[in-house]
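You will see two complexes here that share chain A, one where it goes with chain B and one where it goes with chain C.
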Partner chain A sequence: MKGILQRIGHILSLLSPMTWLGGLARLWVRWFGLGPFSFVLINAVRNQRRATLTVLSVASSCALLVTLLTLQRELTVPPESEGASLRIIARNKVSLAQPLPAKQLATVEKIPGVVAVSPFTYFGGNYKGEEMTSFAQFAVDPARFRELLVEGRISDGSYDEFIKDRNSCFVGADTMKRYGLKIGDKMKFTGTFYPVDLDLKIAAVFQGTVDDRGVFFHHKLLDELNGDPGTVGTWYLRVASAEVANDVIARVNKAFENSTAEVRAESERAFQMGFISMLGNVKVLTLSISGVVVFTLMLVTVSTMSMAIRERFRELAILKALGFRRRDLFSFILAESFGLAALGALVGIGGAWALWTFLDLQKMTNGFLLYFEVTPRIMASGAIVAAVLGILAAIGPSLAVARMSVVEGLKTLD
Partner chain B sequence: MALPLRYNFRNVVVRWRTTVFTVLGVAAVVSVFVLLRALARGIESTSGNTGDPRNILVVRKGSQAESGSLVTREQFRTLQYFDEIDRNERGEAVVSAELVMIVNAPRRAGAGDANTLLRGITPRGMELRPQVSLVEGRWFTPGKREVVVSRRLSGRFEGFEIGGTLKAGPDHLTVVGIFDGQGSAFDSEAWMDADESRSIFDREQYSSVLLRPRDAVSASNIVSRLETDKRLSLRAESETGYYAKQTMTAMPFKILGGILGVAMSIGAVFAAMNTMYASVAARTREVGTLRVLGYSRRAVVLCFMIEGTLVALMGGVLGCAIALALNFYVQVRGVFFGTMDFQSFAETVFQFRVTPDLVGLGLLFSVVIGVVGSFLPALRASRLPVIAALKSV
Partner chain C sequence: MADPIVVIRDLSKVYRQGDINVIALNGISLGISAGEFVVLMGPSGSGKSTLLHIIAGIDSATSGEVRVQGINVANLNESQLADWRNQNVGFVFQSFNLIPVLTAHENVELPLLLTALGRKERRQQVEIALGLVGLADRGHHRPDQMSGGQQQRVAIARALVTDPALIVADEPTGNLDARSAQDVLGILQSLSRDAGKTVIMVTHDPKAAVYGTRELHLEKGELARDSVPS
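Moving on to the complex of A and B:
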């Protein structure tokens, strides 16, 4: 039993970066002799267990911090696309759930600056037996909708086929891949908002938009199934250029003022942000948790550094007696604490980056998290926090060392 | 023989510097964990606290929530005359057809806008919900474009006070009363007359029907009758059962709490291990002495594990105290949180609740951190060679 434990310990210690650093430190000393750098290096890794634990705890906190910042970015910043600035969504002023009269189309079309417009109605169905389907289905006017597709391309099938066949649909490549579908396959949906079911044939596939998951079908089919209520969910507009977008928004709102169905038009981006803001105050929540994480991180680093220094109070007293000045001692301590924090940041941030880049989160979270991109900016903020901590952690022990008298230090037993 | 606990207590106090750091670290982890679970608990208790066990809610077959449901007037007419429905003292059937609408309203203090749930209700509907009582003003008069709002909403939305207005389509509704739903889901709603609401929003159908059966037997009769009646295409369910299922909104908080709890506790375990290793290293001689005095290895392991757990538990107690203090502040000041209900797309208003079992869970969590963090250092202490340990400075 004891032998096995020892062997495991030995293998684990080989895995630890500290063991390698220890070896490197010895090599360094052999080649370059004893200088300030090798002195710091040897000191940092002389208690391998403590150094490893410090690095790992800084690393886990850094990884958590990076993950939280990424989560916040994912939830608060909708993916931007070139077409988004050109597109406008007009909904009923009462709320998104209240439909608009289909007859508004004639008015919207004539508004100067509007290049294309299509009805855009959220169907909210569940795909073949699923409890909660994560991709959206929209009813559109296929011929008009074509003009709204600024980015993305038809990767399979033909759009003309989609326009021709009233029972067909236009599907995103991600959804095709996820369910292993091909052109000509059927997709069945059970309505949750509408009391009707859909049975659609896949006619064309699109790829290259910010979200390649949606399913689009004929608004005529939805009207037919619902007994022609003469309503649409929202209007989806495209304007001639980004400069006129604000004027067009004002014109659309004005056109239906004081009518029975007043309209609220906003840019696609503003529309998405509005949706996100309803989730509650995500930003405050993630920021306050990040604050607690940084606080914990600080405690860990500070406590370890002061432990490391207290352990060798006697040595530092000897250095002082030998004539090293406070400044020198401070730089030794600072270099060690900064080095350990930097290594922890490297492991933690790199680990988080690798994890979130190579893991298929979209599949794991059923499409809730789409990109989860760890941007250079987020990694930099994690690194800055770690660097500042490394410096802060050195201050306390350095002050203690500076204040101690040599005699007292030499007497220390702890 | 085990070492006296006093030895551990005194050690913790004497080495107060490292103790403080570890305690604070564990406290941070535990408080984040408990608070996130308390948010989820607040949402769950809102839906768990809604409805009358005697009532039955009828929605369209296939719809998961009231907001996505449609009940036609014909269907309601059929339903209305079911024999199983109870009658009140005036001999009227206790059944209410209601319309649930989402209305976009500006938040107070210019913080954007949010969706709120506007329920078109009937006098019977109010009888069916004894949880809800008027606290200010009066109930609405049908046909006068009047509305009553919950007290919680009144604090969150612009114009949601008596005399204020709420814009619904081309019409303005005047707020004439404020009600209190005793922490139920109705606290996130505004109420007006059902038929008036249908005319304002130009709706043919109702959303749902709430009714009270004569007794338990008639209740199950209604449920099975609607289950088998293909012509009606409706689904009946007990009102409490329906609301108890609407807890999906709490999921993101639960998941976040779980993930953060695990991730932060890993960091905390490393910190605790660090402290305990340092503690063992500093007491090498002491351990040697204890062994010479006759304490067994097992006693030494136990001793260090107790000490590590004690430190972590102190952190746990502090963390729970922080959570409870926040809980107290939130209750006294009447602070509410809002999040979107994924089913109705309207805002659910809730208060976080640190319940005794969450405190227990937080303490347990800190004990686990302590035990895991001190196991290896304790093992090391017990393995110290006695003679060498005694010789060490």
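Moving on to the complex of A and C:
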């Protein structure tokens, strides 16, 4: 029994990356002889359990940091699309919740530079009795809305059918897939902003936009259900080119100046950013948590390096006696600390990247997280934090070693 | 008598322990010639280890002067002193002080990493040093795979691999059985007698002292007797 357990322990130790690194160091010495690199590597993995735990601590902290930064990006930076620079959203200057008069359409479409314009009203209903539906529904003018679709394509059904049938809708491919829908199926929505419900027939499916989840339906239907109030939520405009966008924004704003419904026009991106700001200061929250993670990471690495060096004071004293200088010892400690931190960063950041890249988060979070992309910039931030901490963690032990005299070092541990 | 390799003049060392000054060495003056095997003896706290450490450049004196091969060790800065120790002094300690994760060969090679020698030359030097202490075939063994006596012989090989003029040994037989102690003392004696190395050894053991060519007896930080071991 003992033999079997020993064998299992041996096999498990073979699975440890530290065992491989130790073996690599030994091979390095055999091929290239003893040198600073192999000396540092041998020392770094001499206590395999501690080295493994250190690497795992740094790895999990880095993974958490990368995840938080990715989450912050997901929540605060809207995805950019090719056509976003050509689209403008005009809303009521007072607030997004205030509607605009439908009669403004005639003025807006005459503004030079405007190629297309459609009412664009957020319905905010819940699908099939869901408590919170994660995809948005908008009432649009189907004929005009077609001109606003710069990217994306009709992947199923017919847009003309959508235009013809006032009770039909135009649905994103992700939503179709998620709910197992097909052309001709019904989609029922319970209104939350509006005291009306919708019963829509799927006429066409779109795909290839930055967000293939939305559902679009006839504004006329919404008007009819609400007793024709003569209002729209916002105006969605497309301009001739990105160069004229700012001029168009200024003209739209000016056109309704001093009217009963002043307008605030802005680019699609600016509009999305304004919408996000309503979520609260997500950035400060995630950065605060990231700060705590980084601080914990620092405590872990500093504590580990201090322990590792403290239990080697005698050896470092011997090295000093043999003629190694303070800067040599500092280099050894720094390389060891940096190496462990770098390995932890590689495992943690690589692991986070693999996890969030290959996991279907959109499905798992019911569409709350759409892209959750671990960008090179985020990975670089994690790596820089780990590297800086690796260096900082080496400073304390190095100073202690620099201050230690050979005699002290020998006395302490003899 | 040959010119002294170590010249000590009016050497004093005072430690501060709280509010009290403890005199470890008090006005020591002596000269040690090249090739001598000097044994430092005396009761605990007599200052023999302190004297050894100051001669070897790992501790500093409060006053007085130590010259080794004409160099005033106190005038060297940290880097110069490190280089000087690497080139001129070999250390042997009571508890061997080998690096446990390195093999015997690598432990002996360590001081050579600071020299300009190439890998091949380093290997040759290490093999010679291990051969001199009778461990040519144990180079690939780690310290925990060797006996105390063998570990101390590896430590001696490490001490002489850079071909230093001076070998300092602080109670090198303190942790060894009688047989291993004899082997180690025999090697140190041979280094002094046959290789012309100057060996300074601290010991409590009168039997070890007979291997030396000169015995210095310290008491309360002062040189009480300078004699030939009998």
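As a working rule, the second predicted complex is superposed on the first by the 396 of 414 C-alpha atoms of A that agree within 3 Å, B and C clash if a C-alpha of one lies under 4 Å from a C-alpha of the other, contacts with A are read in each partner's own complex, and residues count from 1 in each chain.
Heads up, the rule we're going with is that a residue touches a chain if its C-beta (ideal position, glycine included) is under 8 Å from a C-beta of that chain, and two chains touch if they have at least 3 such contacts.
The shown structure was predicted, so the numbers you read here are calculated from the model rather than taken from an experiment.
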| item | value |
| --- | --- |
| Partner chain(s) touched by A:318 [first = chain B, second = chain C, both, neither] | second |
| First, second, both or neither for A:57, with chain B first and chain C second | first |
| First (chain B), second (chain C), both or neither touched by A:406 | second |
| Partner chain in contact with A:181 - chain B first, chain C second, else both or neither | neither |
| Chain B versus chain C as contact partner of A:33, first or second or both or neither | second |
| Interface residues of chain A shared between complexes with chain B and chain C | 414 |
| Residues on chain A engaged by chain C in the complex (per definition of touch) | 29, 32-36, 39, 42-43, 46, 314-315, 318-326, 328, 405-407, 410, 414 |
| In the complex, chain C residues that touch chain A | 53, 56, 58-59, 78-79, 82-83, 85-87, 91, 93-95, 97, 99-102, 106, 109-111, 113-114, 119, 122-123, 158 |
| Parts of chain A lying in touch with chain B, wherever the complex brings them together | 49-50, 53-54, 56-57, 60-61, 63-64, 67, 92-98, 124, 190-193, 195, 258-262, 264, 274, 277-281, 289, 292-293, 295-297, 299-300, 302-304, 306-307, 311, 413-414 |
| Residues on chain B engaged by chain A in the complex (per definition of touch) | 17-18, 21-22, 24-25, 28-29, 31-32, 60, 62-64, 67-68, 70, 101-104, 112-115, 167-170, 201-202, 233, 260, 263-264, 266-268, 270-271, 273-275, 277-278, 281-282, 337-340, 345, 347, 393 |
